[in-house]
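In what follows, chain A forms one complex with chain B and a second complex with chain C.
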Partner chain A sequence: MGVNEKNIDAILEAYPAKVKRNRKKHILIKDSTQGRQELEANTRTIPGIITNRGCAYAGCKGVVLGPIKDIVHITHGPIGCGYYSWLTRRNKAATPEDGKNYMTYCVSTDMQESDIVFGGEKKLTRMIDDVVEIFKPNAITVSATCPVGLIGDDINAVAKAAQEKHGLPVLSFNCEGYKGVSQSAGHHIANNGVMEHIVGQGDLTEAPAKYSINLLGEYNIGGDGWEIHRFLKDIGYHVISVLTGDGSYETIKNAHVADLNLVQCHRSINYIADMLEKKYGTPWLKVNFIGVQSTIDSLRNMALYFGDEELIRRTEEVIAREVARIEPIMEQYKKICQGKTAFCFVGGSRGHHYQGLFAELGIETVLAGYEFAHRDDYEGREVIPDIKPDADSKNIPDLNVEPDRKFFKLKISPEKAEELKKTIPLGDYKGLIAEMNDGHLITDDLNHYETEELIKLLKPDIFASGIKDKFIPQKMGIPSKQIHSYDYSGPYAGFNGAVKFAEDIAMGFVSPTWNFISPPWKDKPLLEGSIQKEGH
Partner chain B sequence: MLDFTPKEIKKLTGGVINPAKTCQPIGAMYAALGIHRCLPHSHGSQGCCSYHRMHLTRHFRDPIMASTSSFTEGACVFGGGANLKTSIKNVFAIYDPDIMAVHTTCLTETIGDDIPSILSSAEVPAGKVVIHANTPSYVGSHITGFSNMTKGIVTYLAESAKEAKKEQVNIIPGFVNPGDMREIKRLVKTMGIKSIMFPDTSGVVDSPMTGKFEMYPKGGARVEDIRDSGNSKLTIALGSFASTDAAIQLERKCKVPAKTLKAPIGIKATDELLMALRNSFVREIPSDLEEERGQLVDIMTDTHYHFHGKKVAVFGDPDIVIGLTEFLLSLGMIPIHVLTGTPGNAFEKEVKAMLLQAGLKANVKAAGDLFEFHQWIKNEPVDLLMGNTYGKYIAKAEDIPFVRIGFPILDRSVHSYMPVVGYKGAMRLIEMISNALLDRQDRDAREEDFELVM
Partner chain C sequence: METLNCRSVIENPCTMCMPMGGILPFKGVAQSMVILHGSQGCATYMRRHIAEHFNEPIDVASSSLNEKGTVYGGEKNLKSGLDNLLKLYNPSLIGVLTTCLAETIGEDTDMITAQYLQERGLTDFPIVTVPTPGYGGSDFEGYWLAAKRIISALACKTKKHGKINVIIPNISPADIREIKRILLLMKTDFTLFPDFSDTLDSAFVRPYQKIPNGGTEKDDISAMPGAAATVQLSLTVTDTNSPGIYLEREFGIPLYNLPIPTGIGNTDLFINALKEITGAEIPPVLHQERGRLLDCMIDSHKYNFAGRSVIFGDPELVYAVTKTCIENGIFPVVVATGGKASNLKRLLQPHLVECPIETQILSETDFAQIRVKSMETGANIAIGHSDGRYLTEKEGIPLVRIGFPIHDRVGGQRLLSVGYTGTAIFLDRLTNTLLENKYKNYRRSMYEKHYQEKKAGERHGLQQFL
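For the complex of A and B:
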């Protein structure tokens, strides 16, 4: 089907030999006859290749910590890092009862040359003092940037001293941009800190209501989390905390009492999901609330976990109600989208999650991939024991947790867990490759050159990716949809999200603007009139 | 909205809250995009490069290409020489630019990578060029970065062939939109004077939709023209913060006299630009431009009652804010809060002098932030706010009419195509200001006070 190895080799031919050898391992044609296919991932970026990747600071402060709304997040560094992560990811947050929502503030130590020379610890201390006085937040985080590690500022000591002085949690994160090879290192660093210093700090000893859950790895982009919350509530679930979209210190600190953790974005939050299980005895379930069928499957799996007849009945009721409501609307968009093909190259989870939704609209994903996922996100968690840490990721510390003496409680028996694992993805994730159809491409750390060549080769009808490459296919006349920022639309999750997504995608296809790319004089000869006359 | 910003002025001691600037490399990247067939290269961790491309893309809504050295922790210890050399090899092999323009980040500046010596041992294909500028993020702002790269362009490329200078002018336009660069070129062309503008991002970041993606669009200053800038009779640097250093470097290197003017925003600054060109090239001002100017004055007079005496708060990049403040004064408006995030005493000195001449007192600050700026507004409310997109939060919090100007504008389109410089740009500014004020008057008017003609 479609592409073959020769097509890929022809594209890689333009590379210097070393680059070619490297990149070949990051591109795969799905072939289910081969059994498990291996894809190299989470390795260092090739210099000069024009990657889409960002850094560990972006993964830590920008993605995981930033959305926690009642915490003031201080960037310790020159101004850029704080500035670029200020309101640029659309993790929406509603102001809680205590009024503490700091999303519109960008707080930076704005390091100057003298801070690089003499150290910036004192300035950071003063900034924490300023923040406590002005904002009176529930907690403070300090995120390190590139030069901080190099000049040896001890942000951990500064944070510890400030915590004692002010009597409020001050958490430090060594997420210097050069750590690891991508945003992924930052997720890990943030997970460690959130687990160590926030989760379990609350005083709840047991779940406050039946069917208490946490939603992990959901950042409420364009209101996704709120849409998910809507139907979970209707079914009867009690959401204790969301990590971290619209999340707060006050809710996350009680995450330990939930009966079940749902994992939406596996890449960014699986560390916490694992640690919550070890430390507090709470299992996690992989869910996917993008796409109608995925949402339905996820809800049914959740109901199976709790195994409660009433909950199962409510689940089916809500599913039936929602599907009946949205199906006729989806139908009109399907007519527009049917038979089209898509590229879906996004961060570390959406490259997989959106395929089902595309398929529901009749769009086949012919290329999918991630900027910074690991092999387990591609191949499934069963490969984790085979993943060898390399020099670039060895220095990201693993946090070792033990069962918590005060709060550990097995939420379900090991026997029941084993039984459930046969039918639902409890503590498991099968990865992206499993979902792809044969003959389609999976690409890791796709760069500009390959993007352009693969567009020429596969001629997709829609290109789903981020802002840096949005306008490239668009110049070629190919509709382009941002799957990070949703092109400032959303929500795209859940039932209402599926409708909104369908509407936006269909709009991309039918917009009359595409009809004007070629000027009328391009295909009309200048002398048309007179030539006809002469021939007459 | 911004509920934690107190009215009582709270001075920060440990940094900034809600900056009115960003860091150097994005300015250098923008300047490098103003060279034809150039690929900007960020020597540092890849996060910077992604952020800078992302931010420029959002402002211009066009592809912004740049490569990066993609540092890992190992490179921080051993230096980034190998990363840069590998980058250069890969960039030319895969992306084939004519020129690579390398800038640095806080990472590479802190570890002290010596770029010239790395470049001297790098494999650069014949006929290709690699230039560089040091752009430490912990010094100045994005404007400093633009200035440093523009100076780097001169250092590496400008040449003077002979003593006799050509009848041509170099224009360094400053950190402005491609629409502004087009307008400045049009003014100089209308004067009948040959010009070399660099950097020139027109045709690069405002490229047309043709159904084809061009990695290196038609626009950008040609390397051979930049080389020839050493033979020009005069360099006009528009905006002292963004452009003077490069002009002085060109004077030092190639003996081309440098003249710094204000960014030509508003009537006075545009007059000064035309007068400088007229004097140096002995040209009559063409009637077309005189007509344009007359139209502008006509509009200013026609509509003065829309804006006269209104209090304004202005923030943004120093050269733009200086020009804009002067224009607001010539409209009879009262700028009472004027701020830039970029450090530099010259800003405060120049703005204060203008205000003094107009008999006004105001809050004026360089190296300020929007947290402080907002506190000023809480203490002395204004009728109009002018600045980049980040101002919309203050505008909403305090319910102030808002005009978007400068960089970045992330929530509206078309702005980068349309000039704010020259007489035409001044007309556009008046339209924007009047619209903002009159829309507000309409919104707030009681039904019986709602007017048809205004």
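For the complex of A and C:
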């Protein structure tokens, strides 16, 4: 099924002229003959368009900080923001030995009109006192919502004073909803804070075990991280910390001693990955544990990085064992899914990551895109020097880090790193566009109107996105798969996750539900027979 | 953690914010759209939560203000947002709700929208503004203020037409449909508002509708001042936010302010009011439904009497559910609402005197408090929206889901709990939950009662063979 510029123009025609010009820059048709194709991203959302983007608070507290389980996360603001980010992302967390797991709690200062007028600092101070008394957490974070910055509450000063008073880390995040153009700004703010105030606070000076790694940008949605952990451990890796799914202050504080950092979600965590390299000399490797082949490739790249024969052998053993186990099951589902097409519009990495898994089931991704990604997530990191900072991105300051005097240690020599970069994505990400086949669509910040029109145009067999847009295709009779929170299913990562995903997707196609859309009286008569004429 | 008395912590809230509630009445106006003036995160979060409850696409726009807007004002963003909304959706009415951001920086949405309509030559186009900062109240207040503002914006002095206005609180689409059925049975000519029974529970139809069909027609709302009476189903709404009081004061429409018709007493009040207003006879079918409800209540009373309920959520729903529980011997030990609900206690007092047990009434509370009180008072059934699941997870108190939002189960939009028939269905849900819990624990409690105690001394029954 082909799509051409004319089709796209026809859809954009419904917009006012200026909006049309803007949106055209956010949509492209993959054409490998053109070399690197440019796609505008991380620019201001058009008002009044039903975007799926969220805000800086959502990216900071909701995405990056929220899953750190032994910290109590305080939302400083009116009740809504805290309420709406209460466990909605299905980050799973196991309770550690000390019992400190506050994932199921939503804690807010519930600002009222009088707090807006007279300021909310006192309330926040009192609240931190109470939280320390009630929960005794390992740390506290304070995330700001829109009014906080506007009325001039100095949450940084409050946090600092509370930290001194209680002798417990209290971190503040100026992630007011209006900052930046999407939740992406909030990821950056959270990355800076975690890097500055958590990583390196532990007292480990050396990796506690051979093959010590951190897993960055894995949020353990539906238990993804646990499945990844299973085979990493089996191969012989020691996971020091996960940022941030099922992560904890207690583990992240020692992240600086790892031999290697793995980056799963590039968008939300690449700042920390870069800073860990500069400050502690630990390189990062882009991995993708969604899909069988992507998982295998990631594991092989990791083994190549360490270059240890025993590790390589063990990696191959585990791969062979896992593949032998799941291949026959995947084959069954492939028979159902073969030849179908998908839309895959999610977040800032999954729009890319899931394409391989779809392909393994015989499903071609004909449209993919991100809600809040930057150009490097589409075009690859080589484009970063060309991205011009604008007023919005400049509002989120970069944290400048220097090599740490105490902990900096080059984990591999620069020569070896250069050598490895020729074969594995060490410190590199090639982006989504490279993954797509020619003629297919890439869309940034897709909205409801375009979703509807593009479904009509391309008629995909399955629509993979989130809860806000999933009901549009379903109302059109097309199965959907929530790739944000998995429709209460999962895990979808790794080997077992691939099987679970295959099962769920195949179920979407074969569920008898779809057979009843056309009532019998529409197609053929309910009763076969003829009416006899009178007298016969 | 349970010992703290003076709390500044809101731990696990039992309420949402004002614009969330403000969106819903607009979804009950035919072909209308809403735009939130503020950060886009507000619209995204609220759409997500409304969509998960109703399982429907929820299109709510945002003016997507960013840092620049907070400095120079959001006028430009709001105007271009309105342009895009009009062009793409072609709605017949737009609601402009403010958020924390817009209110804190002092945006004058009345002025901006009036100017906008002037500039575009659209002076006849209805834009309804509602000031709904998140810190201004809960979703309950947002709902009623939006409902009132829609009516006050559209209502015109109209010739008397004899219809009755029926004003609906935040109940399920299935409940609204049941109320319409009862109105038709009573041969009533009515304008029901806001009517989101179709828009937020739409049928699978082809082709896909950008704005789902249904909702109260704009013209019908305009004509509400010509009605013979208003029946408003909210005792807990404040006078300032009450659409019914507005219509009474401005246009002299007699107001029958009633509770949600859940429970036999509340349904009697509703039917009786309709009879009084229209003078119509109550049809045999309703008598029969009342009889069936009575039969249901009698069949269940021996099980229900073991129930001790904790009821929480929207104050209006809490009031109706509490009365229903009292009628059936499922005596409430904790009645809680996250918002202010200043008159809830006063309203419930006359009914609570009939209870043989003490009832704790909590307002502006959170689930941490509700949990503590539930344990102290020995509650064994929780009734409310899905956030009460923590009472089940932490304390094993089973939850009967009703109200908004319901996120961990499907079908929140199809829960029927009003009228005689709806009450019977609701009551069965309560009784069966009590029974299920009883069966689940039956063997254990019997063992503990008849065998465990004697363990230390003489051995009896099966145990002597062990």
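Just so it is clear, the second predicted complex is superposed on the first by the 519 of 536 C-alpha atoms of A that agree within 3 Å, B and C clash if a C-alpha of one lies under 4 Å from a C-alpha of the other, contacts with A are read in each partner's own complex, and residues count from 1 in each chain.
We take it that contacts are C-beta pairs under 8 Å (C-beta built on N, C-alpha and C of every residue); 3 or more make two chains touch, one makes a residue touch a chain.
Small disclaimer: the values here were computed from a predicted structure and weren't measured.
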(message) Let's test your reading of the overlay: on chain A, do chain B and chain C clash or fit side by side?
(response) clash
(message) In the overlaid three-chain picture, which partner chain does A:G119 touch, first (chain B) or second (chain C), both, or neither?
(response) neither
(request) With the two complexes superposed on chain A, say which partner A:A58 touches: chain B (first), chain C (second), both, or neither. (result) both
(message) Applying the document's definition of touch, where does A:G99 land relative to chain B and chain C: first, second, both, or neither?
(response) first
(request) Mind working out whether A:Y15 is in touch with chain B, chain C, both or neither, as first, second, both or neither? (result) both
(message) After the superposition on A, what does A:G281 contact: first (chain B), second (chain C), both or neither?
(response) neither
(message) Which partner chains sit in contact with A:G362 here, chain B, chain C, both or neither? Use first/second/both/neither.
(response) neither
(request) For chain A, give the residues common to its interface with chain B and its interface with chain C. (result) 14-16, 19, 44-58, 77-86, 88, 104-113, 115-116, 123, 126-127, 130, 133-135, 145-147, 150-151, 177-182, 391-392, 395, 448-449, 452, 466-469, 471-472, 475-477, 517
(request) Under the touch definition given earlier, write down the residues of chain A that touch chain B in their complex. (result) 14-16, 19, 44-58, 74, 77-86, 88, 99, 102, 104-113, 115-116, 123-130, 133-135, 145-147, 149-151, 177-182, 391-392, 395, 448-449, 452, 466-477, 517-518
(message) Considering only the defined contacts, which chain B positions touch chain A in the complex?
(response) 1-4, 6, 10, 12-19, 21-23, 25-26, 41, 44-48, 50-55, 57-58, 61-76, 83-84, 86-91, 93-95, 105-107, 110-111, 136-139, 141, 207, 209-215, 341, 371, 393
(request) Mind listing the chain C positions that touch chain A in their complex? (result) 1, 4, 7-13, 15-20, 35, 38-42, 44-49, 51-52, 55-70, 77-78, 80-85, 87-88, 99-101, 104-105, 133-136, 138, 202, 204, 206, 208, 210, 338, 390, 393
(message) Could you list, by residue number, the parts of chain A that touch chain C in their complex?
(response) 14-16, 19, 44-58, 77-86, 88, 104-113, 115-116, 123, 126-127, 130-131, 133-135, 145-147, 150-151, 177-183, 391-392, 395, 448-449, 452, 466-469, 471-472, 475-477, 517
